[in-house]
Amino acid sequence: MKYVIAIIRPERLDAVKRELQKVEVNRLTVTSVSGYGAQKGHLEVYRALEYEVNLLEKIKLDIAVNDEFLEPTIEAIQRGAKTNEKGEIGDGKIFVLPLEDVIRISTGEIGSEAI
Amino acid sequence: MKYVIAIIRPERLDAVKRELQKVEVNRLTVTSVSGYGAQKGHLEVYRALEYEVNLLEKIKLDIAVNDEFLEPTIEAIQRGAKTNEKGEIGDGKIFVLPLEDVIRISTGEIGSEAI
Amino acid sequence: MKYVIAIIRPERLDAVKRELQKVEVNRLTVTSVSGYGAQKGHLEVYRALEYEVNLLEKIKLDIAVNDEFLEPTIEAIQRGAKTNEKGEIGDGKIFVLPLEDVIRISTGEIGSEAI
Amino acid sequence: MAIVAADTAWVLISSALVLFMLPGLALFYGGMVRRKNVLSSMMHSFVAMSVIAIEWVIIGYSLAFGTGNWFIGGFEHVFLRGIDLYSTSGTIPTYTFIVFQGMFAIITPALISGAIVGRIKFKSYIAFIALWGLIVYAPVCHWVWGGGFLAGEALDFAGGTVVHITSGTSALALLVFLGKRKGYGLDAIKPHNVTFTLLGVGLLWFGWFGFNAGSALAANEVAGLAFITTFIAPAAAGLSWMAAEWTHSGKPTALGFATGILAGLVAITPGAGFVTPMAALMIGFIAGIVCYKAVMLKGKLGYDDSLDVFGVHGVGGITGALLTGVFASVGATGLLLGNSHQLLLQIGGVIITIVYAGVCTILIGFVLDRTMGLKVTESEENIGLDKTCHGETAYNI
Amino acid sequence: MAIVAADTAWVLISSALVLFMLPGLALFYGGMVRRKNVLSSMMHSFVAMSVIAIEWVIIGYSLAFGTGNWFIGGFEHVFLRGIDLYSTSGTIPTYTFIVFQGMFAIITPALISGAIVGRIKFKSYIAFIALWGLIVYAPVCHWVWGGGFLAGEALDFAGGTVVHITSGTSALALLVFLGKRKGYGLDAIKPHNVTFTLLGVGLLWFGWFGFNAGSALAANEVAGLAFITTFIAPAAAGLSWMAAEWTHSGKPTALGFATGILAGLVAITPGAGFVTPMAALMIGFIAGIVCYKAVMLKGKLGYDDSLDVFGVHGVGGITGALLTGVFASVGATGLLLGNSHQLLLQIGGVIITIVYAGVCTILIGFVLDRTMGLKVTESEENIGLDKTCHGETAYNI
Amino acid sequence: MAIVAADTAWVLISSALVLFMLPGLALFYGGMVRRKNVLSSMMHSFVAMSVIAIEWVIIGYSLAFGTGNWFIGGFEHVFLRGIDLYSTSGTIPTYTFIVFQGMFAIITPALISGAIVGRIKFKSYIAFIALWGLIVYAPVCHWVWGGGFLAGEALDFAGGTVVHITSGTSALALLVFLGKRKGYGLDAIKPHNVTFTLLGVGLLWFGWFGFNAGSALAANEVAGLAFITTFIAPAAAGLSWMAAEWTHSGKPTALGFATGILAGLVAITPGAGFVTPMAALMIGFIAGIVCYKAVMLKGKLGYDDSLDVFGVHGVGGITGALLTGVFASVGATGLLLGNSHQLLLQIGGVIITIVYAGVCTILIGFVLDRTMGLKVTESEENIGLDKTCHGETAYNI
């Protein structure tokens, strides 16, 4: 089992959700975050003065998947998260972490079937 | 050492905190998140029109524990997070990730005693 | 590759960012969280009555790094996050998790160079 | 008698100002509850604007200001019968008098809602304020302002007794049925947005000038006096509350300061047009301290008057009513001018009102509790009333 | 003729109240959009205060209230020529009349903005309201209040036709060019802050007393009447909308209640000074239900009048205009007093206004769409107009 | 002399409007600071309502409006001695005059607070405004309105000099002791809630009608004129600021637009009742541009007048005072009517006020800095003043 963490643009959330639905990944957790990286901060203007803003709003997705779903999940996120065909700096990243165990609270199910 | 991530209902946070306290797990980090899964989105009404809302408010707990605390932690979360005896869909999940190292910033302690 | 999660004081964020910049770690994700631990909750007064508040505002940093950057990253965070030379309770913690894979969405790069 | 245009203009704008206190109250209370109950709390104020406005023109006004007897008015003005465009009350159109008084009828039950946030069923709340408006507000209003047995006896310029003592007492009485919020005393239940509360007290103060100075029912010297006392007393109470808190617990909170201002507004209400500006200063200072102590006492007694309706409106109203009996010197005389009789009248008025409002509220509460039920389930309380009663969340992306 | 000080005071404060409706509208609308569009939506109201105020004193006032002909005023008061400190209009200074009317000219196009949030270019919006103010508002205002062909025919006390029917119709017409928001119908587009919307309706109600009762242009009995009807009708409409929603979908939402109050405010506008308080009660109840149904219909027809400008202002305005023809009994007579002719006049006024506003808006929209373009790009819409049009984010740490 | 009811009504409601500017200012400023300082910033406005109100009735009024000499009034009205219910000032009760003037005394020091947010100790702030109210405000108020040496010389209808130049200058002077915020210039310190700032400017504009038109102290033609100029100038300044920003940095921000409106409100204040509506249009346009440039200059000079008190109130006040000397044509004559002497008087008034306010503020600041200390510690500044000074957090769950 894997624990997938994806950082995407807020405005791509709907598209990513739709793509995930298509590959039958229909469980996830969403967090509002901010971040920076290769994407240059942009200038914002406050009352006639310009400031560089480097913490940009992003959305973080946490998705626990069984191994066979890893590939489709990653691909779905990529499809949904790209601003356009060729992709733009700032479209985000996907991190894959090992996941040792899952417990579903309501039923007490454990492991793969709990995901 | 393990890194436990639990997704629970916001209204169960107090109960979960109390249960964790009982098993002497008294360190944790709380994040407001939203998510969906088995729990069906519900209909909400905006000005006479119904919409399906599927991103539901949840609370995410991050708890780093030493191995011997893993079982009690999971059980405490389960006890606190269940809406009622039998559990309801949407009560949440617990994910267990491997944790390689911990550093306590103030003292520089490392590993198990830093947790 | 490692996935570093650090919990710090909100007022130290700027300092930590500066320290990380110095060691050329210039990618990260920031989340507003709250938490408790060794740091005692403080008393707050609401209309003449005192209450104990134990969930304190913190900032969580997620930083994915290549292995050679792990040490510098941890040290930079420690330098930036300490309230003063000797460190104070509540200055925070750093958790190091294994990271199996990274994908950069825009380019499709994978692994170390995608970080 | 012909109307006076300037008086009409003044009472009209004052009426608008009093209505504006309802959004102010909604902010004041709404800021102090948790996010999950903010809409529920605000709706308590807003729905009162609808329910009581309608009730008032249908029957409330007639019960309060109809001729009637020593206890209550009559039915002659039900559905505003017998009143037309040219009816006058003093120097203003009767329609305008009805509106101005209607605003008072609205805000009074809305004040009560602060004690019971986060745990009362919405439909029971509506039933409660509708019944309370008829059974408690209309009679007490009649006693004091409508020609009843307290008229010309106890001094109540703008509603210390009619508005604040009735609502403060009833808030406490209603707790018999609604008890504490879950987690009260265990966890800190923090105000979700203190800026709302500060802003709310700003709106309330602004509106209160209409409440108090409008109660002169004319743009005359007395309105001017009521205005300046309403300027001074809350300023003083804000400071004295803040000083008490600063000394006692080390920090001057914004929430405390806002509450102090409110305490001063409440306390000057009964005497606004009867006391000098310097007496208003005294009344304000005293009210800030007294209400601060009253709220502290709550902590010791352990009941959950969530937003301190009794501690501020009840205690503040009583303080103000008694101090009016002490300081009255304009158009009436109080203790300091040797008229101890007035103080006795004030005490009498306070006691009668407390007893009447308390008993009636318990009766209404009892009936509703047995019929519709007053309190939501524990699970509804946990989830929050916005979602369970109104199907909404206040804040979204 | 000399001015009357009391009337001047009343119209001055009423003007301030109407201006205050703009922040109210900004909150009302701003609360209902998503976080990413809140500044953009609020700016639609705020910028109207600047753009239309300037346009009004330069030329709008002259076109609306200059002598002119049956259709439009003239140019004699361009740049306020011919008016000085001592010019009077009725019993108030002309400068004061100009300001009061200017506030109406401002709010009308701002109302339209609710239909098109999240997808109109800011500069095109400015161009649109500027043109609309000259081409639609000024003539219709002249017809009804400035001596044009509807003056003395169709009854419109405070702008049911001039303000609400024009804006409601134009909102719908503009959708021809702006279509739906992305994701409309798929995802729930939730109001980002319902407390804003509630607070907004509180500000609007407060301001509306100036709007309606100020339209008497004097502090007299008619102002008193318009005030009390503006007190009753929204209260009734809030309740009837809430009742309809509660029955129909199981919960009484705060958003629905706020909308009901607004529907009542709109519906009483044309008749505020012509109907009795009890007629206002009827008008309010009816308007709450009718507008609720109108908004439901939108769901079936599938257009995206985002914040229901047509459903509330259009339908509410029409309902009010017609019911004024039914219930008028003060200073005019309606159907219930046997004057069916008045109802026909009302119907005529409504139809002419709808056609005129609709056609002109489509023309203006067409021209702007071909020249500057009306709609932002899909990517701008996705990111949100706050960032793309204004370079800002509303909420930060 | 008997009071005039209409004038009394007008000045009463105007007083309420000016008080309402304080919550408006609290929102305006509070929205621009970071979350961690919002309560602290709002409390600067709110606490001024208490501190200065009390100070004003105890001694401030007497110092400003007592007979005294060319420089300052006397002690004859300390504790409002010698004034009773029937005292009159012009056509209104003296109590009402005191209240109206008191509101100006409150808002002036509160304006200063915008320059020093996030780093001044709360108790030192209180001491500062209390001293400043006596040492700076009372004398300057006496010079211009209380019979001092500028009365009848320099024109200042509603406080361009007394309110805005004094506060703007003092803001700058106080920075000598308070320096920059940590991180200023490095990180973007973003406004935490721009909707507050927009809403705040809406409240300010609404209240400013009382400020300017109320300054006629009667419901007469001059009030009407001051009202319409207060309608036009901010509208024009909002547009000209927005145009400048749009051209210069590519986007029209909501924050900029709000600031432009404020600049126009400030600039029209001294001339509101002395210039024609078209002159107001000019003054507004000019003020928007001039203040925009002034704020840009700050960026170059590198001082941290955090919320641009000097750039808007100082520069806007100076601009307005000088342009009043140019455009005055109603009840006074300015340069354009050939009276260059008036412009010289205006320049003189401006310079004297700047020097006096600047020097006194530095003295007060110096004394406080040496005794109580003005600035919080670096760690307190980092954590935020809400927590460290008030023990609160504004927003919670």
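Lettered A, B, C, D, E and F in written order, each chain numbered from 1.
Definition applied: a contact is a pair of C-beta atoms (placed from the backbone, for glycine too) under 8 Å apart; a residue touches a chain by one contact, two chains touch by 3 or more.
These numbers were taken from a predicted model, which means no experiment stands behind them.
Considering every other chain in turn, the ones in contact with both chain C and chain F prove to be A, D. Chain pairs A-E and C-D differ in how many C-beta pairs are in contact, and the one with more is C-D.
Annotation: 19 Å between the Cα-based centres of chain B and chain C.
In this assembly, the C-alpha centroid of chain E lies 33 Å from the C-alpha centroid of chain F. Centres computed as Cα averages put chain B at a distance of 49 Å from chain E.
Between the CA-based centres of chain B and chain F the separation comes to 51 Å, rounded to the whole angstrom. Counting partner chains per residue, chain C shows two or more touched chains at residues 31-32, 44-45, 97-98.
Looking at chain E, one finds that residues 4-6, 9, 13, 187, 190-191, 249, 251, 253, 255, 391-393, 397 touch two or more other chains.
Chains touching one another, given as pairs, are A-B, A-C, A-E, A-F, B-C, B-D, B-E, C-D, C-F, D-E, D-F, E-F. Those residues of chain F lying in contact with chain C across their complex are 36, 183, 186-187, 379, 382-384, 391-393. By the touch criterion given at the top, residues 4-7, 9-10, 13, 17, 34-35, 190-195, 198-199, 201-203, 205-206, 209-210, 213, 218-225, 227-228, 231-232, 234-236, 238-239, 242, 249-255, 257-258, 261, 276-278, 281, 330 of chain F touch chain E in their complex. Residues 2, 5, 7-8, 31-38, 55, 58, 60, 74, 77-78, 81-82, 87-98 of chain B are the ones touching chain A in the complex. If you check the complex, the residues on chain E that touch chain F are 3-6, 8-9, 12-13, 15-16, 19-20, 22-23, 26-27, 30, 38-39, 42-43, 46-47, 49-51, 53-54, 57, 79-80, 85-86, 92-93, 95-96, 98-99, 102, 122, 196, 386, 389-397. Chain contact summary for the complex, chain A toward chain E: residues 10-12, 14, 44-45, 57, 83.
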